[in-house]
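Got a structure here, written out as structure tokens. Questions coming.
Labels for the chains are A, B, C and D, by order of writing; each one numbers its residues from 1.
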Amino acid sequence: MAGNSFGTLFKLSTFGESHGTAIGGTIDGCPAGVEIDFDLVQQDMDRRKPGQSAIVTQRKEPDTVKFLSGIFEGKTTGTPIGFIIENSNQKSKDYSHIKDTYRPSHADFTYDKKYGNRDYRGGGRSSARETACRVVAGAIAKQVLGAMKITAYTSSVGDIQLNKTYQELDFSHTEQNAVRCPDPATAEKMEAYIKEIRSQGDTVGGVVECVIQNVPVGLGEPVFDKLHAQLGKAMLSINAVKGFEYGSGFSGTALKGSEHNDLFNENGSTKTNLSGGIQGGISNGMDIYFKVAFKPVATVMQKQETINSKGEKVEMQGKGRHDPCVVPRAVPIVEAMAALVMADFFLLNKISKL
Amino acid sequence: MAGNSFGTLFKLSTFGESHGTAIGGTIDGCPAGVEIDFDLVQQDMDRRKPGQSAIVTQRKEPDTVKFLSGIFEGKTTGTPIGFIIENSNQKSKDYSHIKDTYRPSHADFTYDKKYGNRDYRGGGRSSARETACRVVAGAIAKQVLGAMKITAYTSSVGDIQLNKTYQELDFSHTEQNAVRCPDPATAEKMEAYIKEIRSQGDTVGGVVECVIQNVPVGLGEPVFDKLHAQLGKAMLSINAVKGFEYGSGFSGTALKGSEHNDLFNENGSTKTNLSGGIQGGISNGMDIYFKVAFKPVATVMQKQETINSKGEKVEMQGKGRHDPCVVPRAVPIVEAMAALVMADFFLLNKISKL
Amino acid sequence: MAGNSFGTLFKLSTFGESHGTAIGGTIDGCPAGVEIDFDLVQQDMDRRKPGQSAIVTQRKEPDTVKFLSGIFEGKTTGTPIGFIIENSNQKSKDYSHIKDTYRPSHADFTYDKKYGNRDYRGGGRSSARETACRVVAGAIAKQVLGAMKITAYTSSVGDIQLNKTYQELDFSHTEQNAVRCPDPATAEKMEAYIKEIRSQGDTVGGVVECVIQNVPVGLGEPVFDKLHAQLGKAMLSINAVKGFEYGSGFSGTALKGSEHNDLFNENGSTKTNLSGGIQGGISNGMDIYFKVAFKPVATVMQKQETINSKGEKVEMQGKGRHDPCVVPRAVPIVEAMAALVMADFFLLNKISKL
Amino acid sequence: MAGNSFGTLFKLSTFGESHGTAIGGTIDGCPAGVEIDFDLVQQDMDRRKPGQSAIVTQRKEPDTVKFLSGIFEGKTTGTPIGFIIENSNQKSKDYSHIKDTYRPSHADFTYDKKYGNRDYRGGGRSSARETACRVVAGAIAKQVLGAMKITAYTSSVGDIQLNKTYQELDFSHTEQNAVRCPDPATAEKMEAYIKEIRSQGDTVGGVVECVIQNVPVGLGEPVFDKLHAQLGKAMLSINAVKGFEYGSGFSGTALKGSEHNDLFNENGSTKTNLSGGIQGGISNGMDIYFKVAFKPVATVMQKQETINSKGEKVEMQGKGRHDPCVVPRAVPIVEAMAALVMADFFLLNKISKL
């Protein structure tokens, strides 16, 4: 209830600060008998980890998961899956420059006011390091989902947009470039832009798009836990996210009903899919697709005026190795959160009918 | 867990179908000692109710709330507040034409597949009639929030947009026009457009914007129950919603960090507010503002081809009195859901520190 | 979270005060497609209702349930089942004599201190009238349980004990006497004793025993939601309950392991059943049996010294029509709570394995 | 929901198997600003750990807690407190003799049937080793409770009973003997009996009694989460527990109301305390006291006939170092679970009134 758990039946709880001993989590409710492919877990971890390419932070963290329980002889046992990821560089740095300083558009101020104290090293709990735990759990969740397939990719960086629908794309290109855009030409422009921004000591935002395919009909628990409501919450809970839309989204608001309605084929599929695969909060078997907006990273390598905890003006400048754009590393996090949502609803749906 | 409850400490559960005996709900966790102003409850109900103006559905429903428990001698007692709203027109209609028909972009198909049967009268549980219960609970929640002020209004209908920030608006105009747009000139255009659309037997979408003012610092429970994540879920759980963004939203993704960062004043407020009043998932004391996208109503008064439950092609046409645009009636629903979220986090925050 | 909900998937929430307009509840999570036998519901209501025999309170309340949602054409739809029971005698009485008085061993004092105010009419929320809602929900739960059979009965009243194991009893006798003891000779003694106690203006406690048969292996969710832990909580949440034990219970603590262990038959059943049908918090397929201790009713028809809300000594005497012993009417409540627990675990167990 | 979490606001989740890499847990919802005394944590761990005296299992496990997060510069930060306890002897043993064998009155059979597979090493998840995590969390919870004082002790072993009320005891003796009975003479008899039982290769059960003092009025959340209902669930969730009673308990059922009622003093305290400090599920400020029944340990060092997973008869004999009686080591576990319950209700009560 203090907000560090996600899900009802397939439930992830995470703990850990950026520079504590370790971060970690527990997955409670993973059904027994799932054969775990550990390579798939590490693969997703590697897609998220720092230092993976020239356009992300150059910090070095091995990000190796250590599973502590819940898996025996390669299979889940139905008991909680505990895991930790050690913080390899926990002791290395001097944080005195931010100890009493509230960095602009960071959570330093709000954590301090809410809790009265905070672990100021590297952002503490508010650091995006916590999302590594989500990627671990998401990689397990994917293995529960069977044929369902979750694919995310970068669809804009700054004002460079990928102006193609997901059907026009070849997802096999996504992981072939550092920015994770499945259109090679656009990817090149995005990469060049990120490099330029970084050379200015600045940062930039972007959008991740995600598609979920082979979804069974029936997932989602109206009226409050609608499939898209839970997907939205999942995405908005990721660091730096400012918006979520699915199907026709904001642009659909300008359409007429006669244009927006998805007419049925005789087999129950629909001719169009402005609904984004969800009707009344329940999957209808069509592809689910949505967009997630990420703001520009708040840590810029430029001088900024700010205040300290006494309310005095101070000047500060970002130090260290930070991402100029979070979007490339956010792609596996978006997939992970989507997988958690889908696994939870997949299990809940098993008891909709007697 | 079957999705009909919302909130952790200030918790609403709802029940009821569009044409059953009654809809209703329970608020569990409202603190004791709150003096309830019943007029404020009815006022919000009247803002949501059908038949209130020329541009909404002409159905007549008195929508009177009957409180059954939890309030004694005008004050809450700390015990659950049960309430019902009777369905006055429950027996009046013939639904045989939609009994076996799946209306396009409605939840008929998904409910039927998920549950194996459904109450087909007027959409049953998937009808937006359920949101009346949210308005009741939201009106109670507002009375828990003290100085916090929640104000929603229509910011677009179709492609008619209110191109002003909330700071440029005079909210006292909002309730003076049927469309609930605080800019009289734009309101007039919106109303005219809705009437035109209706005369075509068609419908249109729109956007509701909401501002929350006088928010204490500290509301929100990271890492999963971030204030904006829960607001997003709340909004996405409302019928017909397709998207949510707060602060700079999707447009903020095109900015650079140096442009997007909100620099502090010495008192902890910020010079700009692209963050939308939330940092790291916790309110920072600045105004919270967000946008909610509503799709066009699926029921159009035009012939549409569709299928029945046997997978046969059938033709259908919307009957009865439906909204050509949900946005004017959605304004109090958006406020209500925002109030529920804020009340819950307001209570949770009381135990952040020992 | 304010304590008025019970269960995870099959979840009951209740509301209502003894003398408000109505009491009621919502069952969220009942699977779709359950054919509801309303007579069975009323039958259990009649077993609990006041005025049913000469040894219970002579208040007259019809206790008719009005289902408001979630059941359509005789079957559950998977949406929440809302129901109310009107309080027929809500306006009839004068409560000024207890308005400011704290009755000994009642909840008047604790409610007042916790909440700062209370509905003093007839005990308000703390009245056992609330358990009528549990009986409704339990009667629905029983219809989800298929072959599982839940049978409760009175096993002691004061110091009159039924010294037989449940295997020695013929349950068809239980409902043939007012005290609900399946042994006619003991039942007679218990009835006589209750009448004698009542003639003294006094009350007496007792024990209810409950047996659950035809239980599938696998129900229960360790480590915290063990089957017996949840059964214990369920029973202890009933008004006036002071203790719970299952299987060998307190008397089993005096045994040696070599005497207490239940050895297996080849088919997985056990030769003895001191375990009470549960191993490690999970049902093992043997009968589950447990005992529930009820204290004597606190309202006695004798003068008692007590205090008022100002801390002044006052004298009071119970008025009205009260039960001299709650046990006969508690039998269906024990069954109902057991049914809620079993239905919840029955659903949860469907997702233990992939 | 898969049962590995306990509590609403002060919430413990545990993971880990007896012979996996580590066991551990997360406390989510501990308020910020609590100064943690780590010695008190280790002290409680030492009271639970194996090998502490001649009458408990002689296994050697250091049972050192490693806190991973949520505590910074000696104080809680309001973020989740993650911790692990490494399993030092995880690889040392050969479990082939129980791999396919269902030990009588153990959870081998039920886990195997429920989940389809299980970690058979040392009982896996069903081992009482998991309770070490509860002791860690309980020791933290105690530090949230301020003046409240939780004291448990052994009140019976087999049929040797401590026939004194808690008021007649000097708790300073409890930790002075291996059996944790505050009456030295009785303690001696209990110890001798445990040694005798062990020499027979047998085991024995017992009862732990617990007293909670200096409790504020108002803790408990009726109607389902009554203080004693949650205490009961907490206790029944401990391995080997068969029963729970509080206040007058089962023996109170034989009393008359006129004998059982606790009359008030003018200051709101009561002259007697058969209620056990709880009225209507809410603490009334008097001492809370309850009893917990523990069955004899199932692992006996005698030959027993049992079955294997194919349903074939096999003979087995307990090996290794097991407790002849769990009660002495259960004392700190009972305290820990009580502390978790009280901390949760203590926080919940802060929002009962506006």
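Criterion: contacts are C-beta pairs under 8 Å (C-beta built on N, C-alpha and C of every residue); 3 or more make two chains touch, one makes a residue touch a chain.
Heads up on the chains, UniProt names are A, B, C, D = Chorismate synthase.
Nothing here was measured: the structure is a model prediction, and the numbers come from that model.
Participant: Could you work out which chain's C-alpha centre is the most distant one from the centre of subunit B?
Facilitator: D
Participant: Comparing C-D against B-C, which pair counts more contacting C-beta pairs?
Facilitator: C-D
Participant: CA centre of subunit A versus CA centre of subunit C: separation in Å?
Facilitator: Chain centroid spacing, subunit A to subunit C, equals 46 Å.
Participant: Using CA atom averages as chain centres, what separation in Å is found between subunit B and subunit C?
Facilitator: Centre-to-centre distance between subunit B and subunit C: 39 Å.
Participant: So what's the Cα centroid distance for subunit C and subunit D, whole Å?
Facilitator: 26
Participant: Where does subunit D touch two or more other chains at once, residue-wise?
Facilitator: 1-5, 8-9, 14, 29, 32-33, 78, 114-116, 125, 352-353
Participant: Quick one: in the complex, what on subunit D touches subunit B?
Facilitator: 1, 9, 29, 31-34, 78, 144, 347, 350-354
Participant: In the complex formed with subunit A, which residues of subunit D make contact?
Facilitator: 1-5, 8-9, 11, 13-17, 20-24, 26, 28-29, 32-33, 66-70, 72-73, 75, 77-82, 84, 114-119, 124-125
Participant: Inside the complex, what are the residues of subunit A that reach subunit B?
Facilitator: Touching subunit B from subunit A are residues 1-6, 8-9, 14, 102, 104-107, 109-111, 113-116, 125-126, 130, 156, 158-159, 197, 200, 202-207, 217-218, 220-226, 228-230, 232-234, 236-237, 242-250, 252-268, 270, 274-276, 278-284, 291, 293-300, 302, 304-307, 311-313, 348-349, 352-353.
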